[in-house]
């Protein structure tokens, strides 16, 4: 093999990693706009069929349960009153066909009696993603409100130490 | 053509796409700091000459009208009282020389009577960009407050379905 | 040298730049989760040994002083009451082994008497980073609250004009 062919083989691997990170970013940035507009069909495309969404309040097991959450109350109340589900820039640790992403999430809700919104929840988030039939999907999302208790702190501290291959 | 030459040709296309996404990110992340500091010259470089900025309140047609908005009230009042124009991570769908970007925007304003800020607006955003003489520019920004009405919901739902080539 | 070899050499440079931007993003997105969970060991890995963190209130000189801030009050009070340190998407201007990054930062604190958080600080930020022994590290962070005074406005306006090589 020539030097050039070796360099091209190495470049192919490096570009694949950059494309994987961009693809993961696309999945995660599609989520907020979809849940804020009640677009359950788009939400469905982002999760693996056996995905788990683990929150402070309840654990949703399976993609169908997650999509049902978007279609029902209290989520529909939030949408109808006015809300924004936002992330801050995501930290992606990629390991082949899996990835661990950490970030904050915000749930902003409109104040019905004032011309403004309130910060209702600020949460620590860990997303575990996997490449499934060529597409990146969310396998598990764990979110804990940063309310000063150990739950949110531990989630962030553990996520930053665990390899992407723990799933 | 050798296999290696074929691979290089494919890599050139893939790297161009990654660079385009990075360049679009640079344009959009330059916007908030520029409008928060009243830096109208930088704002001017980010928009196409025939750009349209379509908000809940009014439609600004042409880059000059957008730059004038930055230089005048009420925008200057927001700056002088203290404000932050923020985005959350952007979702980029690229199609050759055009792109559709969706994200949330926040307008945070300082409370004059307290040591804090308020979330004044949370909006759904669609940016249509185009490559013009080699540089990515904003051709149209549409923003709608997420106040529970159809305007914001429809903007997000339509943006996630429309191809980047609709402009 | 063949045409293909020339193209590969150019691709290597372009991919390196994209990887550098991704690596800088990883450093900056690791910061918030680390400070919110009091993970001083992770915070330590993100700064250069001679780093400076220059805020409205005080200037911390050296990595040890920055890590000490995380371990002590008032930062520990914020964590124990519930807080989130968030960034918005970062603007990266890369120049070889240095980079200038601009973005907003938010400090959200839990309201102890209500089921919500308040936006305590919205700041203009400039991060100066350098590649040190192969890893990107924060050399200097300058943050100024966007309180309507010149400090925040000037930081954003100067950062968008200065080359990455000013350090």
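Here the chain labels run A, B and C in written order, and each chain numbers its own residues starting at 1.
Basically, contacts are C-beta pairs under 8 Å (C-beta built on N, C-alpha and C of every residue); 3 or more make two chains touch, one makes a residue touch a chain.
Source: prediction; values computed, not measured.
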| item | value |
| --- | --- |
| Type of chain A:chain C copy interface by residue overlap (half), same or different | different |
| Rotation in the CA alignment of chain A with chain B, degrees, nearest 5 | 120 |
| Whole-Å separation of chain centres (CA-atom averages), chain A against chain C | 22 |
| Per-residue overlap in chain C, given as positions that touch at least 2 other chains | 4, 8, 11, 15, 18, 88-90, 118-119 |
| Touching residues on chain A, where the partner in the complex is chain B | 2, 4-5, 8, 11-12, 15, 18-19, 22, 25-26, 28-30, 32-34, 36-39, 42, 79-84, 86-90, 108, 110, 115-119 |
| List of chain A residues in touch with chain C within their complex | 4, 7-8, 11, 14-15, 18, 21, 88-92, 102-104, 106, 118-122, 124, 145-149, 152-157, 159-160 |
